[in-house]
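Take a look at these structures.
In the two complexes that follow, subunit A is the common piece, with subunit B as its partner first and subunit C second.
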Partner chain A sequence: MSQNESDGGLFEQSWSRISLYAFLLGMVVFYLIPIETGLATSLKTQEAFTGRYPYLPPLQGATFEWWSDAFFSLLDGLINSLILVIPATVLSGLFGSMAAYGLTTISWRGQVGIYSLFVAGIFIPYQAVLVPLTVFWYNIVPIQDWWLESVANGISVFGLFEIPSTFMFLGWELGFQPYHWQLISLIITHTAYGIPICALLFRAHYKKLPDEMVEAARLDGASIRRIYRRIILPLSVPMFAVVFIYQFTQIWNDLLFALILVQNNEAAVVTQQLVDLGTSQSGTNFPLRMAGAFIAALPTLLVYVVFGDKFAKGVAA
Partner chain B sequence: MAELTLDSVTKIFTDDDGSDIIAVDDVNVDIPDGEFLVLVGPSGCGKSTTLRMIAGLETITDGEIRLGGERINEQPPAERNIAMVFQSYALYPHMTVKQNMSFGLEESTDMPDEKISEVVTESAAMMGIEELLDRKPSELSGGQQQRVALGRAIVRDPEVFLMDEPLSNLDAKLRSTMRTELQRLQEDLGVTTVYVTHDQTEAMTMSDRIAILNDGVLQQVGTPLDCYHEPNNEFVAGFIGEPSMNFFEMSVEGDRLVGEQFTYPISAATQDAIEGHENVTLGIRPGAISVDVGSMPADDHDFATVVDVVEPMGDEENVYLAFGDERGDEIETFVATVGGMQRLDSGQTAVAHIPESAIHLFDVTDGQALKNRDLEDLDEKDPHL
Partner chain C sequence: MRSAPFWLPPFLLVFLFVYGAIIWNFVISLTNVSNNLSTIDYTNLDIENYEIAFSGGTPSWARFDVGSYIEPIWNAAQNTIVLMVAFAIICLVLGLWLAILIDRDIRFENTFRTVYLLPMSLSFVVTAKFWAFMYNSEYGLVNLIFEVFGFGPIQIIQNSDIIVGSSMIGIANLDLSVKMAAIVFALIWQYSGYAMVVYLAGLRAIPKEHFEAARVDGASTIRMYWRVIIPQLRTATVSALVVLMVFSLKAFDFIYSLYGSYNPGSSADILATRMVREAYQNSRFAFASAIAIILFVMALSIVAPYLYSQYKRGEL
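Let's look at the complex of A and B:
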């Protein structure tokens, strides 16, 4: 009797298990099929692509041609994107952390008002500032003139040392190009736009740091700057991983600011180049576009892999 | 090393709605060089605020704090040459013990690295934590973290130590060990120390002098025994001593004090002390009451009682007694402490002797002490002291 009952229970249980797994499998297929379709498409010749379902694997007419084509077409854009993204990510993270420290750990009159301005900054839509931004960088700030002069003469950093306009780096000859000024304006724009959200993230982290620890450091004779440098900054590492991943992805994937600020083809970032990739009068080359999209997305994946374990700590912290 | 003076120190916090909260009200204390002063009081009495004002972590609304005769109100914490031990220890979690202890010297002095390392190792040896120097705080037990926090303060060789309930996160056994150790350490170093606690046992056992605060107002400053035997007022009498002093509201009727539960005859000297008062509060320490089983009330300071609850502590017992012959939830009890060998049981009748020399009398309205116990005949009358 009891044997029968337990059999029935087992039977019922296995049915619910089966339907659970079936559902999960369905979800996996649902999420992965776009990626699979993209990969399969990027590996097909155009003949193999046309007239067949795009998600079928490239059994006949497989080729890596599009990947190498796309890589070399996008190379300049990838380099420009890196020139833009790395400084903008680091700067917005660093400034955001400093701002959060000043607004959270140190107490002074009126900081709540300033902080609410930061929060408001998060909600300004990109579209609302497009025109002012163009006018700002093209008509108001003489960044172009300054840069062209720098390209000719090198940059003097506060008269301390000179950065020549061409220099050797790991055996490559690198140099400032006249069109780089558009990337610089983009770096500053993205940094400014990133500071509020970074400050918000860091503030949440700093609020959890015990006040007594900062007070102990003050009694130990550390100045506000030294407390940041020696106590707060080292304790912010997990949060920096979160912010770096977030900002890197955000800035790397941005197209709108780049479209309006970069009006010179040489300075185009990868998202801009991707728009034009594989389109011509004769039609759209979907396999090439697919391969390009994967190449353009790869750096953000790499960043996640590199900072991933710290990211998990930062999110859990 | 120097003496520390709090001169009419007041702290007023202004609330968001504009109302003022007086956290510390006109506190005056002189702390001579090398003294161990314990600031004690219930939570929210302003003792931590006082400490934080001395440290410079809180501004001073009014009054003056002087260190070695020099006004330090406007000095930032870093310049006061004061080291503080926090309740949470406040160690820097990303640094090793050695780095934690070196931090203050690196930030506040020009000492070369080798010298710092030497001083840190020396202090670590003093605290018995040399073998922990390369560990991070998260790898230490609570007691070890406590030692590191103390070590970090000692390394600085400050003029004043401030301690904000440093032992309250430790378990009872470790706490009593650390209590002794801290006391010895302070005596060896001879550094003026202000120690904040809500635990009157810590206050009694460790301090040279106790300062008792209530609602931001200083109630009494004195040696532990002064505060115990000659409290300024009812608050001090009730706060110091464990178990607390028993209080009874009495009305004065000639040579007798009449209360709800009993009538207490008083001598002419006592009558003089409370002259002009219609009502007084009578206080008696549990240890000053002697309890006898199996006898009848012999003189007029003996009272027939019944044992309600007995709390055996081994070497002594706290006995809750009710006047008369009934006990129950509604009937008020008072505590007497008797020797542990005197086995009492609930429900037993007993005679409580309340010697007149041991009673305290307080003003009913403002709680001021009118008469404290006589100290001359302590030895004969009180077997527990």
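Let's look at the complex of A and C:
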């Protein structure tokens, strides 16, 4: 918004400009100083880390030791997080796009009711479903137990047909460990909880698409399936970028679901591992903890720095 | 119903895992299950857990390994409200202020915006690590700043002293302790950028003529914003407020990571932490489910009027 400072002399005007920039720069310091302090600290040797002026760069005694320590401590968690985040992001995005298409482009009575249930789902605190999810994933559908059992005996699907155990060994050969199957429950849960926000983002996008295009295709006799594949999906590409970035960040950053659903240490995701990093009995190792925080945050930071405008679009919707 | 193949599969997933789970959670909250989740007795349903949540007491299913008396949830509920209100209002004010300044045709606008929103891309676990260090009484930067102003080093995240007493502002029992203020401050640091982005979008949607008309009328800048611009940001304010309040109900991740345990101490305990602690530390599952339902009702009472007004205006 261009503001013409018509009154006030040039002198006065430049002073107000200077104080404006000074304030904005001050806020830059406010938002960056905890991060900068962490970065500086993570590079200091134990001797250089005296606690005085923690924000100063490591002038005497810089080291990458903490970063490599933290990396190897968190490596399993990073891998588990990737195994979780990629499928959950893609699935929730796809389902969200399908839901939004079914509820926007094709109009029918009652779609607002169904859609409101999707939107309300965005705001539900995870606590409201934790106990049922625990019962569900540990006592009713314990995927990991089934997996272990089926490796031994083959699996019977509802008593209808048998999947031989050799098929299960194939997964093993590909590098899947039994504990990875615990992540499946986490993937499904995060997908279900991600669908509402994805549906909201896609619906806002689909509402803006011109009706004529879909109408013309319909007159040409295209089925709704074909319209989705040939017209809507290609036009959704920019929105998929926004949704994937948003979901990737959300799921990577989440702690609570993993804390409750993954009680097997080997399947722990990176946020779970980070909580405990550097808190041994002999006090707290701040350089190691800061390095760990950066390593755990690196994927989302990278995504943010590269696609910052798309992230802003996702959160502002 | 030709569209059903598209919306039905995602809808079933959401319906089962979100709404089905909430209903199931409500049923569990009426049972007595504690300690062992694999055998839930659904035959004896009563509201005992809610009575205990509101007035405290020794339940019929008391277990002596974790103490038989259960405190009511009022302390956690009050802390939840203090956190929610303080966090949401300060975020909005700061966000609006930043949005107005950034909107004043400045250079490097994108850079400023990117930096202000940056903390929001980080995990609560990561920011809790940063702030645990910032607030540390021995090494932390916050204490270093206090020292410059002549305060000695003080405990922050373990400090239950009250800084804004409820008697000062005439409200019963809504005290703000040092540790809660520290949590609120860190959360503001993380989420005020969000309020800024929402307000910026709102400001950009206001036609330029409104700014110019106010100028021609000779209104001062402050008066122009107060009288003309801010009233037009009502939609942005309401939607940012709803989202921020719901965020604050989810602050569990941050508090858990900051303290490294399920128990942050009574003056920083919110319903979200109390619920998880009762379930996964004390194994009082049915009682925790009752707290979860209370939390859910709180979220619903914020969101439902918002969605209803959206529906009325045809924006849903």
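What we mean here is this: the second predicted complex is superposed on the first by the 259 of 317 C-alpha atoms of A that agree within 3 Å, B and C clash if a C-alpha of one lies under 4 Å from a C-alpha of the other, contacts with A are read in each partner's own complex, and residues count from 1 in each chain.
Simple rule for what comes next: contacts are C-beta pairs under 8 Å (C-beta built on N, C-alpha and C of every residue); 3 or more make two chains touch, one makes a residue touch a chain.
Since this is a predicted model, take the numbers as computed values, not measurements.
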| item | value |
| --- | --- |
| Superposition on subunit A - do subunit B and subunit C clash or fit | fit |
| Partner chain(s) touched by A:70 [first = subunit B, second = subunit C, both, neither] | neither |
| Contacts of A:37 with subunit B and subunit C, given as first, second, both or neither | second |
| Partner chain(s) touched by A:212 [first = subunit B, second = subunit C, both, neither] | first |
| Contacts of A:187 with subunit B and subunit C, given as first, second, both or neither | neither |
| Touching partner for A:84 - first (subunit B), second (subunit C), both, neither | neither |
| Touched subunit A residues, subunit B compared with subunit C | C |
| First (subunit B), second (subunit C), both or neither touched by A:253 | second |
| Superposition-derived minimum Cα distance between subunit C and subunit B (Å) | 12 |
| Overlap of the subunit B and subunit C footprints on subunit A, listed as residue numbers | none |
| Parts of subunit A lying in touch with subunit C, wherever the complex brings them together | 1-4, 6, 20-21, 23-24, 27-28, 30-35, 37-38, 41, 49, 51-55, 95-96, 98-99, 101-103, 106, 108, 111-112, 114-121, 123-136, 138-139, 188-189, 191-193, 195-196, 199, 224-225, 228, 249, 252-256, 259-260, 271, 274-276, 279, 284, 286, 289-290, 292-293, 296-297, 300-301, 303-304, 308-309, 311-312, 315-316 |
| Residues on subunit C engaged by subunit A in the complex (per definition of touch) | 1-11, 13-22, 24-25, 28, 37-38, 40, 98, 101-106, 110, 112-127, 129-134, 136, 138-141, 144, 189, 193-194, 197-198, 201, 203-204, 208, 211, 215, 221, 242, 246, 249-250, 252-253, 256-257, 260, 271-272, 275-276, 279-280, 285, 288-289, 291-293, 295-296, 299-300, 302-304, 307, 311, 316 |
| Complex contact set, residues of subunit B against subunit A | 55-57, 76-78, 82-84, 86-88, 90-94, 103-104, 107-109, 152, 156 |
| Contact set on subunit A toward subunit B in their complex | 210, 212-213, 215-223, 226, 230-231, 234-235 |
